[in-house]
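Next up: the structures, one after another.
Okay, so subunit A shows up in both of these, paired with subunit B first and subunit C after.
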Partner chain A sequence: MLLFGASITFLVIRAGPLDPVSAILGPQGDPQAYNAIRDQLGLDQPLWQQYIDYMVNMFTLNLGESWVLQPDTSVYSLVVSYAPRTIWLGFWAVLIAIFVGIPLGFYAGLNPNTFSDYIASFGGIVWRAMPNFWLAVILMSVLSQSEKFFFGFNWEGFLYATNVTGPPPLGDLTSVDGFLKALKKIAPAALVLGSASMGNEMRIGRTAVLETVNSNFIETARAKGVPPRSLVWKHIFRNALIPLVPIITGEAFILLGGSVLVESVFDISGIGYLFFQAIKNGDMPLVGSLMFIFILLVVLINIMQDFLYTIIDPRVGYDGGA
Partner chain B sequence: MAQKETSAVRSEEEPLLSVDNLQTAFFTDKEVIRAVDGVNFDIHRGETVGIVGESGSGKSVTARSIMGLVDSPGRVLSGSSITFRGEELTEKSEKQYRSLRGSDIAMVFQDPLTSLNPVYTVGNQIKEALRLHQDLRGAAATEEAINLLEAVGIPDASRRVKEYPHEFSGGMRQRAVIAMALACDPELLICDEPTTALDVTIQAQILELLQDLQEERDLAIMFITHDMGVIAEISDRVNVMYAGEIVESAPVEELFENPRHPYTQGLLQSIPGNQPDADRLSTIEGDVPTPNEPAGYCRFEPRCPKAFEDCTRVHPASVEVNDEADDHTAACLLYPEDASQAEAVELHEQLESEREVSER
Partner chain C sequence: MSVDQERDDAPIRERIRENPGPALGWLAGALLLFALEAGAVVHLVTNLLGTPVELPTLLSRDLIPNNGYQTSSGVWKDTFLGLAPAYAWAIRVVLVYAYAFVWMLWLWRGYLVFREHYRYADWTPRDDMIDRLRGHRWGQFGAVIVFGFVILALFAPALGPTTVERTISNPYSHHIEYYNDQGQLENITVGAANLGSRSQGTPDRNVGPMSYDNYGRWHPFGTLPTGKDMFTFMAAGARVSLFIGLISIGVSGFLAAAFALLTAYYKGLVDLVVVIVGDSIMSLPRLLFVMLLSVVLGDTWIADIYSGALVLALIFAGTGWPFLWRSVRGPAMQVSEQEWIDAAKSFGQRPSVTMKKHMAPYILGYLLVYASMTLGGIIVAVAGLSFLGLGINPPTPEWGRAVDIGQSYVTTSSWHISFIPGVMIVLVVTAFNALGDGIRDAIDPQSEGGEGDGAEVAATGGGA
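And then the complex of A and B:
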């Protein structure tokens, strides 16, 4: 899987339209310099040689140096400086989706066809249907002028003075202050990024609960005299979580893609933003390495999904994970 | 089933469960479905009462009404009465009902493959019942669960308690479900088609198991099925249900020898083997109607080969089929058979005017 992904990446980068040499030289570079740089970067070697080099480097985690974006900086140090912001963003986006979406969905599923169910379901659909960039823009403009909309409540001055956009200050997460500050900073972006997942998880959660409630073993449990509280917590929730596992992990992938956009809008210089820039500038090692990291993440998420399955559902063996 | 009770003995002692004019309706947006419409029957200790009828005749709803498990939009209508050991159940609060469920009245459902929660071990689910009703926990509960599994014939029970439902075969699962139902020593066991989903050999084993358990524990069993063969094997007494009503009720041998209601006759004729000359099985034409209004006619009339004019106008009440037969009733205008037809119809009309029909 890892091997396959890396190979595809190699193909796409090398065979694709990326031309790092012209990017370094600019549009008016003369052919001689072009060839010299080409030589220097090793692009004149046969393709299979490049491929072997690339693969070996990747798997020994020798990520190389950036060619265009920040020449002579190692990719490794770039990733280290950009990644935490993205991780922070993704972490909260997933968390918001899980802790708002699933409870709302479960609540709606337990009280089907009531007023609150309709509100939640309808809200979920609308929320889900809003495109990320649109939501981002709206949220940004509302929050930066929050006094006008919320009767004097000022988001930017709330708790800590911050701008709505810009990278979160991650220097000091161990103190309560620093933590809250970073959290507040990331909240709008995480909300936007997590919004689609939130709506999704709510909908699926609702259906899952409804299905579980109507299943035979719930009736058997009721016939056994199980009180409603333990019926819900013990018998319904755990079963309703099963169909949510692939949804949550599946959304983690979408978040990877979504983060490119959200990071640009909110001006958070994270991995997504870096990736975007790297592609634009034909920075081959950077693109290759980032792709490789994404693939690593995908594999990790898959392993986590199998792990979650084995915890929740005894029918799934660790090897048999779907 | 094993001990043949005479009707004299039967009427002497107080019944364990007595259902009187049970009416359960579902109030849907479109219509009110009177799924159970004026059902009466008794179950005595140690007795097996069978309930047969085609799909949709209201058997499961009857069972759920007794368990107090009828969900919205359904409701047991006022005027219905269910007494268990002399206590009225329909007036119980949900909490009082819950302490009864699983401990005094237990239920086994149709599909053993889905009756157990897939994410907990079999032992866990048996122990849950023990904890709820007998306050047994820990090692004592585990031991009791193992005993129960052994009692229902599961080999290697001490290992099996720790396994999940998917590691059990269908027959084993139904045994486990029965073990769970018996965990708190109930007096009445309601079985809703417990063998329908199993193949024939396993079906026979489960029936045998139920018979053994009944003898051991003096259990009363209400056995729901649409299989006449199973009914013949297991019950002492049979109630035949059609469109929410009990149309015939008799001891099992009497019913099979002398079926009186045209519907019962049709059901018995449709058993393979009962009609050696026919090339084709005679089944009853048509479907069970959905009872969506109080009946002022016979609900079987459209399918009845013996229907006559009055059947569309008078709702038949349950009457003794004739003077000699005691304990054999049918709800059909042809009976009592020793009366003339006009007299019989008049009797039904009069009985009907006394019947209490609830709309709410």
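And then the complex of A and C:
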């Protein structure tokens, strides 16, 4: 899968009409410099040779250098400088989704067809349909003038003085102060990014709980006199988590895609932003390497998903497959 | 829906020939309805071929104009029956929707005529599905909104208070008349008037929803920061969104169905190849990959068609089919295990016929469900791309761009610029999901939203 994904990426960026040389030189580059750079970058070699070079480099984790965006900077160092903000953002987005979405969904599932269930379900549906970028725009604008909308509550001055936009300060996460500061900075963006998956998790969680509650073994357990508390936590909760695992891991895609939009709205220069800039400027090696990292990430998450299955559901063995 | 695909003994044409009465009656009604709007269709077709031909059309802006000017005594000139532009516009909108609604009813009647006079069987499982859909309030809610959205897109030129040509793409070639402060009739270009009706956040420079500007022009959704009418923008944007959504779903649905049938029928190597290709496409983060493709293909000839809508549609189709295919693969595999497939095989039926006649009907329903849900996701994703400035090229309206344009005005008095498109996206996407839910419950009442994992993810459009 890794191999094929990388191949498709290669095909798109090298065989496509993108021309990095003119991107480096600008539209008025003279032909001699054009050819020199072309030669230097190895673009005059046959396509299959470029392909082999590319694949070998990728799999030996030799990610190359950026050509256009920040010339002569290695992709590796770019990723190291940009990635932490995205990881910080993604971490909180996942946490928000898990710790708000799943409990809400389970609550709705345990109290089906009540008023609060309808509120929660409907909220989940609408929340999910909300485009991330729009939510981000609205939230950003409202928060930056929060005293107007929240009866004098001032978000920017709350706890620490910060702007709503801009990258989070990740300098010292070890101290309480620095941690809270970074957390506050990322909170709106994480809330937005986590929103779509939150709705998903809620809906799936609700159905999963409903299905489990109505299954035979719960009825048996109830007939045996298992106390409700242990029934919910031991029997329902654990079984209802099973269908949620692929949803949670599937969020990786959503987070990667959404990070581009959310980062551009909140002006967080993270990896999604880097990717967007690289695409726009025709920085082929950067795009190729970032794509490769993303694919690698997805594959790793898939492996983690299988591993999670074996923890939550002992019936699934390592050799059985999920 | 009016023509069912059941060719039992005689083809439908012969059945109609035997008893032409009801069919002719229905056809006459349909032709009458069509004649009212024939001018618009003729205009569209001749426009594609070259010079557009103008024919009188019932629901056109020429018959019910809302552009006029107010004299100092408060009387409106040049508008429909001398009504205020707002009412003239409202009448046109109501008429367009009424017309579309009559069409819906007529198509439904056509189905009933078919059911009553031309179908051999008194009852088919499909009747039950339709009955279930009729009792499904949530699905109906979705259907109503989707209907509204589709009509908005189809009749965009007639629904807007003005046209894209007049106010967005070519404002300085068109003129309007109004009474200026000195009480004189003045003739200025639309472009100049737009400069005076800009919405830029301050109360004195804002034309909000449901208001007139200084030139007697009616703006149901207010104006953009450039002074252009936003309802016109939104209607044209709906057209682009629907175009992209339908084309990409059509292509990817066709691919998904074809591959699902082929892999389920032949299994083995074919299956393996499609699984590998599909999985590797799915392993790419979709939204990012779509961005990459839209930039890479941005300079090719295909990107010039409809301001890049076609290339976007194809990109979404190319990256989206594995998801659809995954969701129909299971049902297709199940069908292929059935005895009647085996029977058809041993009977010597050609594989293509077996797939079409005995397998395809079973997966079409599932395809419809996922298609409806994915459509919402595509609309969100296209809006997201346009928001970033990647999707549809600027002169052509797109909802995401309106959100982008209005970004800095959200907390000002020009809040409508970002807010309205966002709310409309939420509504439309929710509606497509609701419709999908409804169809799923109608086709497969036992599922109760059980195995919706794929659709749940698809519906969010890869995080846009």
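Definition applied: the second predicted complex is superposed on the first by the 318 of 322 C-alpha atoms of A that agree within 3 Å, B and C clash if a C-alpha of one lies under 4 Å from a C-alpha of the other, contacts with A are read in each partner's own complex, and residues count from 1 in each chain.
Following the convention adopted for this analysis, a residue touches a chain if its C-beta (ideal position, glycine included) is under 8 Å from a C-beta of that chain, and two chains touch if they have at least 3 such contacts.
These figures come from a predicted structure and were not determined experimentally.
Visitor: Sharing subunit A, do subunit B and subunit C clash or fit in the superposition?
Guide: Here the two partners, once superposed via subunit A, fit next to each other without clashing.
Visitor: So, does A:Ile295 touch the first partner subunit B, the second partner subunit C, both, or neither?
Guide: Second partner only, subunit C.
Visitor: Can you pull out the angle centred on subunit A between the C-alpha centres of subunit B and subunit C, to the nearest 10°?
Guide: Rounded to the nearest ten degrees, it is 80.
Visitor: Identify the partner contact of A:Leu255: answer first if only subunit B is touched, second if only subunit C is, both if each is, neither if none is.
Guide: Touch status of A:Leu255: second partner only.
Visitor: For A:Phe115, select first, second, both or neither according to whether it touches subunit B, subunit C, the two together, or no partner.
Guide: neither
Visitor: Output check: A:Phe276 vs subunit B and subunit C. Expected answer is one of first, second, both, neither. What do you get?
Guide: Only subunit C is touched by A:Phe276; subunit B is not.
Visitor: Please determine whether it is subunit B or subunit C that touches the greater number of subunit A residues.
Guide: C
Visitor: Scan A:Ala223 for contacts with subunit B and subunit C and give back first, second, both or neither.
Guide: first
Visitor: Working from the superposed arrangement, determine the closest approach of subunit B to subunit C, counting only CA atoms, in whole Å.
Guide: Minimum C-alpha separation, subunit B to subunit C: 15 Å.
Visitor: Does any part of subunit A touch subunit B in one structure and subunit C in the other, and if so which residues?
Guide: none
Visitor: With touch defined as at the start, can you tell me which subunit A residues reach subunit C in the complex?
Guide: Within the complex, subunit A contacts subunit C at residues 1-5, 7-9, 12-13, 16-18, 125-126, 128-135, 137-138, 140-142, 144-145, 148-149, 193, 196-197, 199-200, 203-204, 207, 211, 243, 246-247, 250, 252-261, 264-265, 272, 275-276, 279-280, 282, 287, 291, 294-295, 298-299.
Visitor: Touching subunit A in the complex: which residues of subunit C?
Guide: Touching subunit A from subunit C are residues 276-277, 279-281, 283-289, 291-293, 295-297, 299-300, 376, 380, 383-384, 387-388, 400, 403, 406-408, 410-411, 418-419, 421-422, 425-427, 429-430, 433-434, 448-450, 452-453, 456-457, 459-460, 462-464.
Visitor: Touching subunit A in the complex: which residues of subunit B?
Guide: These residues of subunit B touch subunit A: 67, 69, 98-103, 106-107, 109-111, 114-121, 125, 128-129, 132-133, 164, 166, 177, 180-181.
Visitor: What does subunit A use to touch subunit B in their complex?
Guide: For this pair, the touching residues of subunit A are 215-217, 219-227, 234-235, 238-239, 242, 312-315.
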